[in-house]
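What follows is chain A paired twice: with chain B in the first complex and chain C in the second.
Take a look at the complex of A and B:
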């Protein structure tokens, strides 16, 4: 076992290598822009140089003269596309701003023309020769910019139903012995997955194939069909591998239908590979947020009053928000809670979900405030969490299905060496370096969505699993293969998995950390349908359901079952009894509490996730605790983060290898959100300034010397058949607070605005 | 081998490249421009295709391409070798890293014409006879990738990192692998993979 493949504990699967490992290390994994096309023409986007106003005129003469140019598409000759509603309002789109529709400009970097040419080089040159005359108006860029508007999220965002409240906050806060009021800011961030936002479209007659990195092939299929006004059965989205998503590919962007319609018009496959900087404005991003937290506590550390107000930026037409108060008002025991989320509209592209959308900004505020309260109380911050730990969320009084928060704190504290911390700020150093230790809690809602799968078993044990899930790096192929192998008792190497294709049975969006829970639950169910058929044929006298439940293996019997005397079914005999060569089953699964229209929605590209705080009688979250060491140079103020330690509990761990890797990457994301990542905005022009990998800082190898991930055993039988909570978005939450808490410990300076750069340190 | 790479090294520093591009490199471009056009029209239209022979993974590949085509686009769009990835097209992310005469270069910032006559090795040329290269195997063993998009570039960079003698400590590996961004942040696993493969690569 290497560090990458931890020994499984109770309720964990085997740390087998990734299903897609060999194709990924040999360059044979075909991402969207790798797909072969017959004689494609190349598209290059032209984007707006102003953030607000109108296009007066295009001068295309110079561009048209470039050898190899085929067509230049603008709003004057643009495709006639139908509108799609925002995904949160029953549509598919991540923005309702529709480029190439009129001369109006809604944000900087909006698509205003598409150049089509015989080569990428010619398309790029011609795009650079497109001249545009604008009438520009002064845009509103962000918070405090003149011309922005603010209003409560409730009532304008259909998915933000309630500002959680309980008890009497005002009275309790007034009477509390210890009080804290503090404000926190988080910056704009862009997902920047490694794969660019490419789109290739090819028509065969009236059938359209789209190669595009997507976290939701069914949503894209139905969304593009709606915009083109064609039958969705004519649209197929294919992407067996996706070069990272992080939320950026969950909802439809305008580019896809535009490229599809140009391909139709030119009767030729079109390949678009936008540039890295265009990716900042043609998709979504994590909006900047502002928070005010008020905490009131007794001298012994009991929380008595908690108020969390958050404000988020969105675009003019779309009321997107993440509304993380649903989590922060329920994390700790507190009898008096108040909250409010507001949306501030500016002249920006519409934001969207980015890895742990609500929890990254909102827990930064709460977990920083908890540390500040611990300082006021002269109390160990771990103990403050222990005093306010709860098994029941305070807003609706619903029990957590399972909650291992303090077990995570204790395990991580031990591994980190928290006991060696001297609590006074500026009390630890090593030469020129001030040393700080900090910690924070993390949590993420357990979510599931309706899903379908088809499984085919042959008499020699060869198995084929089909489900339109998404491999965005999470290990989707691997855990589906493991589930089928385990459930059918066939060797793992006999299982073939097909995902990332809208011709396969539908699965939910690869977002909200629901994929493993949803896809493994449905694959288990369909494998059971196969087992039932086989047992019925082979042992007609037995009670089928009972026998099928008892006997795990078909071809093989796992050791635990063999010890109990169970014997596997003889596969060949069962097939002979059935008189067939192949058994194939299709099934649809929906989680408990899923709405009545779940399956209809699933078959039209709509998302119906359930779970988290929205369950009827309980609340389901995964938990973790994170500890960090920071070093701040007392002369240069350089900040380094040599150690990140996290312990996590997330129900059944399907594969400790892929789980550890995701959590490890998450911890590094968390460090990055504290110390590196921010999209800078030119406030005069409402423009992203650092829209490239040299200026938008993401971690490189030298930034992350020591990362330790501890997986805790946890069993939860109340969430879904797979017992999986999901952990792709668990580890990058709270890390930002832990780092600021550590910087406070190192320097005595409390930093409430991210990211923290050396110029912000005033030692 | 080491002789060859050190003598070629100067051709790839920025200054030498600029000199080359302004002087000698332009001559063969115009000279090879498609027949039938006058040299005046060639000067006006840099998009006329030129003939170039690239030596990729041990085979000569003859192409007629836009002279502005990068090695990366030549591989991906003309030779159907899509293992090398485009992540930024600006030399900032390393996803397009290939070996040219055993040196790691970002193929998105290298013109195909400038690579003529040199040995280009891509991720597709690393495994021999269906046997994985030790670095490829080490990446699997240590789960050194998630989405896999940066992986071909990471592996090519890692092979060169070892051969350069920059894999002698974890700190060295971290430093000399920092030109390749992994947004999934598999970094600690990448370090472990390079460490595992290094002795075998140095031996063989």
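Take a look at the complex of A and C:
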């Protein structure tokens, strides 16, 4: 393994330890359900045992008799809540299925009652004693189930505007010397963050405080206010630490407004900690997808035709879709491209973002197909990527702001020992184990959104940074502190960071890997405002040139790269000149090309991310290359992955330590996704079956003996002031295909359906 | 979880008393009002899930003093029911003379669980069938006799292919029991009438038409010890699973051989992950005994072990897998250096 704190290379910050390291390892970090409440009551959810139909009757007698039960809320006495639109239609919600509204059931595990009691145990016991009679209808579970409907995504989903196309695919494919047609499947997956989906609500008069792990405190604040029909200024969401999110906490779930309104009704703080299995149905998930890829190439490996058709499952009312063709049609040079994304509606809860939502399923298909094509061409798969590498995306002809894909391939190949691979399938082994090497490209769009921050600098250098960002385990505190320390030239220990609170200046959703780019860009900007004020006060006779703005440090350490000869500003003198003890600045930043309503949207909990393929004259992505060694046991067919090597280039790396952690976690997740993770659906009743950590498999330490992360230097001045591309969702994309490609190399067997389990291997 | 009374039993009589007092006639053990608590890693889990609803818990951990021996003395082995999985797995004498036992324990669960869990609790652990463990499914003959079986045509990748009935196909999930049954272990049972011993093979009951009756143990009876006669240094536990650690077997084999001058004098083969109860493959053993080992023989034995196996939609792969696991385990046992 590489060192936990890799040496910074050019255009990388220092690998300082995590800002929150000590509180986390000593257990003092307060997560939502740790927040003390005055005399709380406890809620336990009752969820439906059918996926479609109606509730005929509740028998609550037994439950009510449990000592300590205060109230049982069902649709018959449920809160009257306003509807919230889906986030992709300008709302806040991850689903428009509103539980406790009527007797109707729209999916398995829908909330049908909430038991409130004096203790968690009493609430849970009473919930177990609630008896429900249903009239069940036959639900449609998934692809191929009777009763599903299918329609093109375009026109249904506001965020999927166009199926990318260019040239004449049909003709080019027809004429291509080498052709490949292949279908791929990806499974249902659930985020399963360690922290459960808890919610605590406490009212003080007409003001509501919500403690809930959220990846978007502003979105939740405005969403809950809308559902309750109250002024958003009366709602505050607090979560200084979030125990993992992976997208599951990006949009509002129905539980929050329900708990808030029950707390109001009972005039008591209420604490809800749902169980692990309830988390499978009361939030979102990654829906299963199906793909057909057609590739046409010349004998020498040039792609001439590419078509990617994808189908995705969504719920009956909501047209959620990830539409990863926006990426797969632009990854390689290819003059003739066609694509189509469709949505298949079933009786399921609404799916939602999950780490690299579009890229994981769609790149699995494309990067597997590229490997298959390399085999047909009898060509090294790395060389096939090199031949089709491009600096301009083929659909709109826009240049990539920067692209280090092949540099990543070369670095990772070297570190991995790709040259030692004998290309023939089934040609490498070690005792009981067949060995396979495989690789794939990975990429993720560079995105950023409008953000605001307040920074306060004291005479003694103590600094306070306030921004409603989110610490979902990525290192948000750390990079924000680093940015302020660097920019203001104060020691890192003097910087205090406050995030995870909707009373702070707004920041975007912690999703789409935009957080570091957005929050660091605004913090840089606001720090510069402070520098300017001090500079003007201390040296009123000198003009503050742009160069000086960039390079003149203040305080003890010169900021960023202070040019030779620049004198650091004497902080005390500057404060004396200003005649104040504290300088505080607030600022709002938006990325270039952000829509006009960006700031208004930012202040009402709405997301306006820009970047990726949707930029005006350019396209911005982070890239990487992933190499894996797979071992397949000849006898048991068990599949193990002893080595994962990834090289990544993502613009400026703020902190190589936290970046490495993100990428390492991504590689492990990718392996997990390829070999282990899948939510099993009982097709007869459209219910999730393995909804617990014993049956929903994720890797244990013994599954991950070797992970190596290589960070490449890359400078990109076209994306945002911080020069950051974002990498939280970069590493788990390519791994799925890399593993299947390695399994092919080990066994000669091409597997096009995830996850790959031992029963899929025939050696 | 539902409220329950809790009592610590400081001696075996007290435990037996407390357990028998609550026992109602005709109630199978799994439904008994009082349940003994050892490590709690199965019992508490099922209580939280509302699958088991005992009114009384009798904590037998204070009996560990007398009931946790690990004695591989001479040619006989005695293991107390309250010995911890981790202690037994780490014991030198067990590793040397009974590798099949040490490895069946070492490859089970996780380090934390093995530190808590006891041998007695381990053999009594209950199936991991998802439909059994989720009370929102109505059809489970094991939980509600006569209600049907949701797994039969549901998600049944983990389910059994041997010893099944049209009432239940739930896999017996444990590992250690396969080692015990292979080695012809006896189980010592303490009850109202004192202590009795019986072959371990008689402890578990195949589901048949009464999947709710899992063992021959009666309410008020406790397992106090296990005994094995003879040493079995040439023994192997091979476990195939999706991940490298911390998972139940998709298929496993406990194999113990006595090979003299290249001839198999005695052979023991037991199967895990594929059967409704700890499963002895006597047909395979019969083929092996008296023969010289080669791959073809191993294959025939493996085929014999699964001759009666029947798969369903998601678990048919276990038949082919199970055969390869048996063949490989035999090979490993034959070639191991002792």
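Definition applied: the second predicted complex is superposed on the first by the 747 of 763 C-alpha atoms of A that agree within 3 Å, B and C clash if a C-alpha of one lies under 4 Å from a C-alpha of the other, contacts with A are read in each partner's own complex, and residues count from 1 in each chain.
Criterion: a contact is a pair of C-beta atoms (placed from the backbone, for glycine too) under 8 Å apart; a residue touches a chain by one contact, two chains touch by 3 or more.
Remember, predicted model here, so these are calculated numbers, not experimental data.
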item	value
Contacts of A:690 with chain B and chain C, given as first, second, both or neither	second
Partner chain in contact with A:638 - chain B first, chain C second, else both or neither	second
First, second, both or neither for A:49, with chain B first and chain C second	second
Chain B versus chain C as contact partner of A:759, first or second or both or neither	second
Partner chain in contact with A:596 - chain B first, chain C second, else both or neither	neither
Chain B versus chain C as contact partner of A:699, first or second or both or neither	both
Superposition-derived comparison: chain B or chain C, residues of chain A touched	B
Touched partner set for A:121, first chain B, second chain C, both or neither	both
First (chain B), second (chain C), both or neither touched by A:680	second
Touching both chain C and chain B, counted on chain A across the two superposed complexes	121, 125, 692, 694, 699-703
Complex interface listing, chain B residues touching chain A	45, 47-48, 66, 68-69, 73, 76-77, 80-90, 92-93, 95, 122-124, 126-127, 132, 136-137, 139-152, 155, 170-171, 173-175, 177-192, 196
Contact footprint of chain B on chain A as seen in their complex	2-5, 17-18, 20-22, 24-31, 33-34, 36, 66-68, 119-122, 125, 192-196, 241-246, 273, 275-276, 471-475, 657-658, 660-662, 664-665, 668-669, 672, 692-694, 698-707
Chain A to chain C touching residues, read off their complex	47, 49, 121, 124-125, 128, 277, 432, 633, 635-638, 640, 675-676, 680-682, 684, 689-692, 694-695, 697, 699-703, 757-759
Chain C residues touching chain A - in the complex, by the definition given at the top	1-3, 50, 110, 128, 130-131, 133-138, 150, 153-155, 157-158, 238, 240-247, 250-251, 317, 321, 324-325, 327-328
